[in-house]
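Each structure below appears as structure tokens.
In what follows, chain A forms one complex with chain B and a second complex with chain C.
On to the complex of A and B.
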């Protein structure tokens, strides 16, 4: 049995080593703490929030912070604190599922293009370029307006459009590897295309994909919040940062906290993800600055 | 300390390194020495060779002469002076003035040290602007003059070219010209000819000797190749693990080494007239009617695929890389393929491995069937029969696979092994190449170069092949490791009776292993025959030229000088 266990053992160790490495860097420690805090908050917020997020209090609309409503109330008299701590739940759920999907399909297609090369690659990459040249919000709005703003629509839509830039990255990373002799060796041995992708290419591209995934996550969160802001994401009264910012911005002059609270929540998560991605890139050696000759 | 040429006394050594120790502090806090108590003095007009295996500290020593240490290294003790100035006490500005000025460096891989986006002329003029002190308008003329000094044909045209438009040998000469821009008193050469083929190499070496003599320049020449050192240097330092183990004139060190390591280094070099390794089968070549393992007839290969536009326009296709090659291999026989770089040796192997379909010609197997040109159309048994070993094990082993995973690929693919049987067979294969079970879970980066190549060899033999294609399998290795790998290949051949096609640009390596040799030039076989016949009595003038260009670590063995403006391979296409 020992021989069957050994490889997995090594992989688990590697994951721990990488996580430990990320955590040992200041940026990684701050980033991971922020992400972890948001994840825990998203899980437990329904049980700890002082008010129901949709409970309206017409007697205290747009009130400032006080002992009862710590961050005041919004224009409908709802508690801003309760809404803020629950405002990331849908966003994290949607992007948390859509990001791995995007990296998976984008990575797969990118590695395939990189391996096949030649005219197929040439033609299909122009299609990818065409997609990339359109403003993202336009493409997404078309799909969302057609199919509705349900979570089941948002996840595949985000996953599809955010997978396209991953194709480029995965293809470029594959190009670095595909010309090397071990791929030629696998070809000469007669391995199939899929076997070469899985055994020879994927392990060498995985680091890049992981870092890319982390970056994609932060962009996707921003995109999701933008959609909510425009009214195409979460439907009221479900609390969502983007939606909260949209609702509160009209009253920004006399109740600034209504905008500030969701902004700080959203940016802290995005900053956390970016810092972790940065530390992950350095830890995995994907970061180009680390490879530069001294 | 201000310095002027007039104050400089001719007897003062140009480079003087006293009791140099260089090392780094390990994580645990202990100091690890890279160089230990080394003394090196170089006078004007003197050329000194630093020889040793990779990792022996020879490059570190040469770079320390420039006052340069790699990141993390520190000078632990000693003093480095260049024309009386302590290099490690100078500030950056003074160092920059010396480096590239009075002290030139020619790095190993010049193709990479030239800026790819700048024309040769611009790069040379930049060096002149920084170091020559000439007025701006004389720079261009001086650049052309420098290129002429390194005997580049048509310097006026070269300065308008980009680095990628020059051949490897020409790039190396440009790098030398650049080092000469500051009119240096000393030149540091870090393996300047490694990676060039023999004829280009000998040409560059002669050029360097001549320049040193003419300019009365000091040279420090770093190489792992004793033959190269013997050709250009008067004095040699043999280094091992950061220490000088042998020092003296080239004559005494090479003919009468008083040190075991130097002797080992010398013994490890295959020589043209040295003893051959035992042939696999006695009289392997005696019977011409013996069955043939593989017959290659009329094989033409080309890397270029005609573009649609070219076809429409009716432009002629570029010349084939390999043109109408015929040869045959018998079971258990070793055929050596030699030739300069670009002669099509590796291309032939690629085609046999099914990675490059031929333009025309055929390959017929022992049972009379034609070998399909593409890997994809070959049957499992045909795939198993022919295995390929690559030049550089760093490239041919997947850095993310353990040794066990690498060995498992052919075993699972061809034999469907798994579990205990797979593991047992993997260990068996490792033992065949003189490694053990403990290597199974290691990653390539945890292995030395020689160990990696052994794993690559084990992987090829795991398929139980009838023919192994060896593509320069020893040229990325140190001489002593090279000897061990060759020994292993000979041993495997004796035990398993496998046939080899052995490609190398090193004629001595090919001789020591091959039963027959084919000499390739410009994609055509210009001579093929039994090894001894070809080496002892070459019938083709090109074979003779190749043999003459081989450098042997013997001070007395001179080689005829090659024509001055470079050889055929040296011309830019």
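On to the complex of A and C.
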């Protein structure tokens, strides 16, 4: 099942082995291609877009696709094609930074409490449960409404709240290995807590954390675009898929392409991430279906 | 058994207590209070002081927390920030509407998920499984506002079959919500079905590979009998928890769907309250949703315990 962790592979870079394994599955290959395409597009789109994303043309509002505006224009006469190809930049930047942060802090805290165990662990889990019982959108909106919708606010907010479920996952995975002999042996050798976490627990929890990270990325993207759809994400005129869908919704009877273009762009990235996450989970032997929807 | 039951219930209560502290402390730590929100930002000095005096915001936080939590336990959430309406009255009708939406979505979602999950699990890695599984990934990962928008475009704008927006007032009787409730219901049940389906599929696969199913096959028990009498009851057991989590998600996560369809439920009320900085309403909604989440999960845990003889004996000894 998991050829990726056979001994002879140890010498090669682990990340490359895992990526190679994901790529060898059809769903993984499609998924990684979609992600890669979106990353490249996000990097080069400012240089290749035919129009400025905020240039308004009052003469051509809600026009259909033609030779000049390939996907038509929106209600302010802005070019839909240029806005769509640049619409993922903020989302990818924010979630791309917040996801590793969330997995890092959540994983660290989870492994630590999994190792410590006992009363402290029991109390922490109640606090984690309490946090999880609040709807994500409420927690996030309260912070965002207070501190503004700037990127510097969105990144830590997303990283903080999305790290909390990771604590739970990392702790559960740590519990599975913490009672094993090699941990006891490391304790007997006199290794410190940090050393046990890094050298004995982390390698065993890493698979779960990687799958969790891939899933968190997709949930976070969903959260980010939902926030900007509701008007609490990036501020106009910055192009963002969620915001574009919200704006174009009112005119979708006349100009359906203005809704469909960002819908396809956003969906293809999210599906790409999930197909890759699925292939990764299968490759590493972590059952993804057992995960909760939140 | 009884001890386990009590233990779980106490843990659930403890969680609700912690949530109430988090909610209260969270709102407390944020800059601004009910008075600054009510009097707009320019209010300063004496006016602000008078307002705080009047609402009792000058008392220590602990006193106010105890008063708030005590009243909340009796179902009294105080007044909304503008001081006109009682929150309990405002929430009542909207809670009912959200429940209506949730129940409708569940009634479609759960049976559909079980049937599709069973199919996919029994035909593992065959074309039908690939179609169902890939469809499930699509349905559970596409943001709700995206699927909602596409459905409105197709069924409302192009085909004109269903109304794309809910215009019924919050207090209207149930029957007036049809057929407006159909599209939001479809969007929600799509996501739910996908989550439950994946769970059912993987547990069907696990159960069908187990020794007792092989034993039954070797004994010559018919396929239908094996699937429906031997495998399915066991395969559905782990799904109870996923259904519970989905219900909890329905109560709080439907915000986006309610906003898209203009549905007068708790989610939209929450967004409005946050935008208006109506902190008492935000606190009350947060507490209600969190308690519902804990309650649903607790019931699922207990139900699983009662339904599974192995867990029953395990917990009696433990």
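In the analysis below, the second predicted complex is superposed on the first by the 273 of 294 C-alpha atoms of A that agree within 3 Å, B and C clash if a C-alpha of one lies under 4 Å from a C-alpha of the other, contacts with A are read in each partner's own complex, and residues count from 1 in each chain.
The rule we apply is simple: contacts are C-beta pairs under 8 Å (C-beta built on N, C-alpha and C of every residue); 3 or more make two chains touch, one makes a residue touch a chain.
Since the structure is predicted, the reported quantities are computational estimates derived from the model, not experimental observations.
Of the two partner chains, chain C is the only one that A:278 touches; chain B does not reach it.
By the touch criterion stated above, A:130 is placed in contact with chain C alone, chain B being left untouched. Using the contact criterion defined above for the overlaid structures, shared-chain residue A:200 touches chain B, although it does not reach chain C.
Residue contacts after overlaying the shared chain place A:226 against chain C, while chain B stays out of touching range. Taking chain A as the reference, the larger set of touched residues comes from C, when chain B and chain C are compared.
Touch criterion not met for A:15: it reaches neither chain B nor chain C. Shared contact residues on chain A (touching chain B in one structure, chain C in the other): 294. Residues 27, 126-127, 129-138, 141-143, 145-146, 218, 222, 225-226, 229-230, 242, 245-246, 249, 252-253, 256, 259-260, 263, 266-267, 270-271, 273-275, 278, 287-290, 292-294 of chain A touch chain C in their complex.
Across the complex, chain A is touched by residues 70-71, 353-355, 375-376, 378, 380, 383, 387-388, 390-392, 395-402, 404-405, 409-410, 413, 419-420, 423, 441, 459, 463 of chain B.
Remark: chain C residues 11, 14-16, 18-19, 22-23, 26-27, 30-32, 134, 137-138, 140-146, 149-150, 152-153, 157, 191, 195, 198-199, 201-202, 238, 242, 245-246, 248-249, 251-253, 255-256, 259, 270-271, 274-275, 277, 282, 285-286, 289-290, 293-294 touch chain A in the complex. Here chain A touches chain B in the complex through residues 3-4, 6-7, 10, 180-182, 184-191, 199-200, 203-204, 294, going by the rule given at the top.
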